[in-house]
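Next come two complexes built around chain A: one with chain B, the other with chain C.
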Partner chain A sequence: MTVHALAGVAGLNALFLSSGAALLWAVRGFRDWVDVARLAGLAYIAGVIATGALWTLLLIAGVPFSLFLVLAVPVALTLGFVAIGRRSGRSLPTGGRLATGAPLIVTAVGIAVTGLLLEGLFRISRLSGLQWWDAWAFWIPKAKAIYYFGNLDEEFFTTLPGASYPPLVPVLDAAAFHVMGSPDVVTLHVQYWLFGVGFVWALAGLLAERVPGWILWPFVLLVLVAPRIGRRFHITEADLFLDFLFVLAAVLVVVWLLDRKRWRLVVATLLLCGMVLTKREGMLLAALLVAAALVASAREWRSTWPPLGIVAVATALVAAPWRIWYVVHGVAGEGPSDGGLDPTANAERLWPSMRLAFDVLLSSNYWSVLVPVTLGALLLAGLTRAWVLTSFFGTLVLLVTLGGGWITWAIPELPITQELGGNPIVRYMGSVALLCAAASALLLGAAWSSVTPRAKDDA
Partner chain B sequence: MQRLSWWLEWPAGPIRVGVAFLVAVAAVAVVLAYPGVLRKADREASGSSALSYADREIAGGNALVDDQLAVYAARGLIPEDATYHVDVSPDYEGDSDLTQGHVAGYYRYFLMPRRPAEDGPWIICYGCDLTAYGAGTEVVWQGDENISIARVRS
Partner chain C sequence: MKRATLAATAIVLVPLLAYPLVTIAGGAPRFPTREECIHPPVDGQQVDVVFGRFDSPQAAAGVRDEVISVGFVGTGVLPDGCGRWKVVLDGVPSIDVGREIQDEAQTVDLHPTLELASDG
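Here is the complex of A and B:
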């Protein structure tokens, strides 16, 4: 770890932030500087995905991955989005006033306590070695291959374990290596910590629009202290990164169902594209998210299903090039070998697989109290007739859990176990647990505002 | 502070109590876990900073490679554009039973951009029979754990 490497990471992440902020300004605009600060985390994550997805698609198309490309793409995106924003008549943010009184105190305490915890997690990141099998067996070798050879080197990309996994995360790692000046896998942990910080900021910023601070912050903090979530922020693998995108996309989509502000769907589409370029489970999670949105908006299907259809098509189009690449290069596919759709195949595994998924979902050893609290929040929001939120999150939690059971059932090579080295179910179910944090805050916020006149007025 | 009747009035009161209860459950879970997470972060950070440069750089490989000098020797001796082969004897008894199945994968990660190849001129030998590679084989590094690095001259 050198000062040069850290400065390079800082510079790269500033470019992510600038491209994402320009994107949000173009599609949404900013009211004032408080608005900018609130959405800076979402801007950062949007910038990571906009830049990373474009790098990935260019790499698949055969454009050499070099330091020039690493710097040129975010700069070009920033300038392009600024130009779009100017043509759309967006004005620059001015001024801004913070809330006063109790909400300000709650927010200040929440930020301080969260910041202290993130600082502790940074200290883990800054000198961590590369310990995890998946990381040194294929994630980082893929990144090194892109860094050293500037392309999707056929030898490495077709023979490494996880050959069919999409390359967004190795591309982001390779970009970090370029700005560090070497493949410094120790400093790389800081980059992953920054993804975690960006996610927490984005989640809090999005939820703060609709959820009072005293409801919001306990769930933000719960994300950080849950054994299998916050403490893994620095791990240089794609699981948690995928979960970040999934949860932010879910929040954007469900709030779009409530307020129909188009920018939310634009950013959600970008995040869904990031998901399908990150891991093979990303395809499944993206499809289930869209399905839950279709269910939750069935009563207004004429106005909601066409835009959701466009989102699905755009996501599929972005997913296609990588799938074409690996098929052309003879890599085995991402799904179960027999398609995983024959209900009579491996019938004896069906119930134990589903039970395994629900056991993992309900385990407080992994997710603290996130899941039981969400079940209670679903009940309360249902009682207050917050139908869209209740049906969306209820459907999505159920579908993703069933999806976990399906993975174990449809791949007979997977032992039915929570053992991390044998079955990916615990890592996969992290997506539901993280979703539960966002869902609880939104559901409880909705239930509270429906029975509290002042909260209703504030909303 | 709200009056008791505000929390008890029907039907809003029980909803308010339910929301407050669930937020309290989350808050208590945070309060109970928070100090432990900070302590664990301290321990892990202290543990990482106390590592030697080699322990930190090799990290996950420490359980596999048996001798840190071997990976550094391989990186120093094998040119970046050369190919190599990791040959682990079935009889090789390392410090860990993971060595047999995973050490070649670790070298693939550590030695990039060097490429592994079955017929590569560089051999990283874990207790293997170097005579099988022919008379032109020259041992260029020998470690203490029955690990050697050899070059096959054609």
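Here is the complex of A and C:
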């Protein structure tokens, strides 16, 4: 780990932040500097995805991946979004007032404790070795191939394990290698830690709009201390990165169902596009998220289903180029070999597969108390008639869990086990567990606002 | 600046600055030595029987083949996380079983060591 490598990573992430902040300013605008600070995490993640998705699509189209491209794309995006914002009449943020009294102190304590935990996680990230099988077997080799060859080397990419996995994460890794000056796989863990910091900041910033601090921060901390979440922030694989995008997209979509602010759907669409370029499970999770939104907004389908349809079409269009690339290059598809839709096939595996998914969902060894707390929060929010939130999160948790069962059921080669090397179910179910943290905060926030007149006025 | 704002600023900044400063005051960060990659076995936990560490996977594979040829089936080559490759029979359930394997190995002039099993 050299100063050069760390400085390169810092510079690249500053570019991610600038492109994402410009994007948010163009589609939403900022009230004041407090607003900017609150949404800086979301801006960073949006910048990572906008930049990374464009790099990925250019790479698939055959544009050589070079240091010039690494720097030019985020700079061009920043300038482009600033130009759009100016044409839309956006004004620059000015001033800003913090909350006062107890809420301010609660927020300060939450930020301090969260920050300390993240600093502790940085100590793991700064000198971590490449010890996880998927990371050294194909994620990092793919990144090194992009770094060295500047393209999707056909022979290499079609023969590695996980050949059909989309290349967004290796592209982000390769970009980091370019700014570090070498394929420094130790310093790369700092990049993943920064993704984790961005996610935590984005989640807290989004939830803070609707959830009081005393409800919000315990869930942020729970994310960091849950055994299979916070302690894996530095791991150079795509699982947690995909979960970050899924959870932020879910929060943006469900809050859009409540307030219909269009910028939320624009940013959610970007994150969904990131999901389908990250892992093959991203397609499934994106589809289930849209399905849950359709269910939760069924009573107002005339106004909600058309925009959600546009979101689905845009996501599918972004997913298509990579699927075309691997089909053209003879790589086997992403789904089960027989399509996975015949209910009579592998019937004896159906119940054990579903049971496996629910066992993993309810395991406190993986997710601490996140899932039981969410079940309680769903009940409370249901009792206080927060129907949209309850139906959205209830449907989504159920669908994603059933999706996990479906993966095991429909791919007979997968043993019915929680063993990490045999079945991806534990990795996959991390998406539900992380979703539960956001869901619990929003559900409890809604329940609280319904029983406290002052909170109701604020909501 | 109001008193509450000052207090909130202090609540955030003091621990966030103090923690790295205290950490750095304890000395500059350092890499572990290669010896620190080797952890002694612990009662009640699985152990690895290690037949040696090598700088290249080819050298390790050669020793692995010799170890297997004298009967220690299941022995493999794994990276040790510190830049070397270890020839290891993993998944041994206890220290006692590991010692039995060591005794058996010494009859064919092999001298493996016992280590705490590494995470999969």
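Annotations
Criterion: the second predicted complex is superposed on the first by the 459 of 459 C-alpha atoms of A that agree within 3 Å, B and C clash if a C-alpha of one lies under 4 Å from a C-alpha of the other, contacts with A are read in each partner's own complex, and residues count from 1 in each chain.
Just so we're on the same page, contacts are C-beta pairs under 8 Å (C-beta built on N, C-alpha and C of every residue); 3 or more make two chains touch, one makes a residue touch a chain.
What you see is a predicted model, and the numbers here were worked out from it, not measured in a lab.
Taken together through their common chain A, the two structures put chain B and chain C in a clash. Looking at the superposed arrangement, the partner reaching more residues of chain A, out of chain B and chain C, is B.
When the two complexes are overlaid on their common chain A, residue A:Leu362 makes contact with neither chain B nor chain C.
By the document's definition of touching, of the two partners only chain C reaches A:Ala112; chain B does not. Using the contact criterion defined above for the overlaid structures, shared-chain residue A:Ala377 touches chain B, although it does not reach chain C.
Contacts of A:Met354 after superposition on the shared chain: neither chain B nor chain C is touched. By the touch criterion defined above, A:Arg231 reaches chain B but does not reach chain C. Touch criterion not met for A:Ile84: it reaches neither chain B nor chain C. Residue contacts after overlaying the shared chain place A:Arg126 against chain B and chain C alike. With both structures placed on the common chain, the touch criterion links A:Phe149 to chain B but leaves chain C unconnected.
Among the listed stretches 20-28, 56-64, 110-118 or 128-136 of chain B, only 56-64 clashes with chain C once the two complexes are superposed. Common to the chain B-facing and chain C-facing surfaces of chain A are residues 116, 120, 123, 126-127, 129, 131.
Looking at the complex, you find that chain C touches chain A at residues 2, 4-5, 7-9, 11-12, 14-16, 19-20, 23, 29, 31, 79, 81-82, 120. Against chain A, the residues of chain B that register as touching in their complex are 12, 15-16, 18-19, 21-23, 25-27, 29-30, 33-34, 37-38, 40-42, 44-45, 48-49, 51, 55-61, 102, 105-106, 108-110, 112-113, 115. Those residues of chain A lying in contact with chain C across their complex are 98, 100-101, 104-105, 107-109, 111-112, 115-116, 119-120, 123, 126-127, 129, 131, 420-421. The touching residues of chain A, counted against chain B in their complex, run 113, 116-117, 120-121, 123-124, 126-133, 135-137, 140-141, 144-145, 148-149, 155, 160-161, 183, 185-186, 214-215, 218-219, 221-222, 224-226, 230-231, 368-369, 372-373, 376-377, 379-380, 383-384, 440, 444, 447-448, 450-452.
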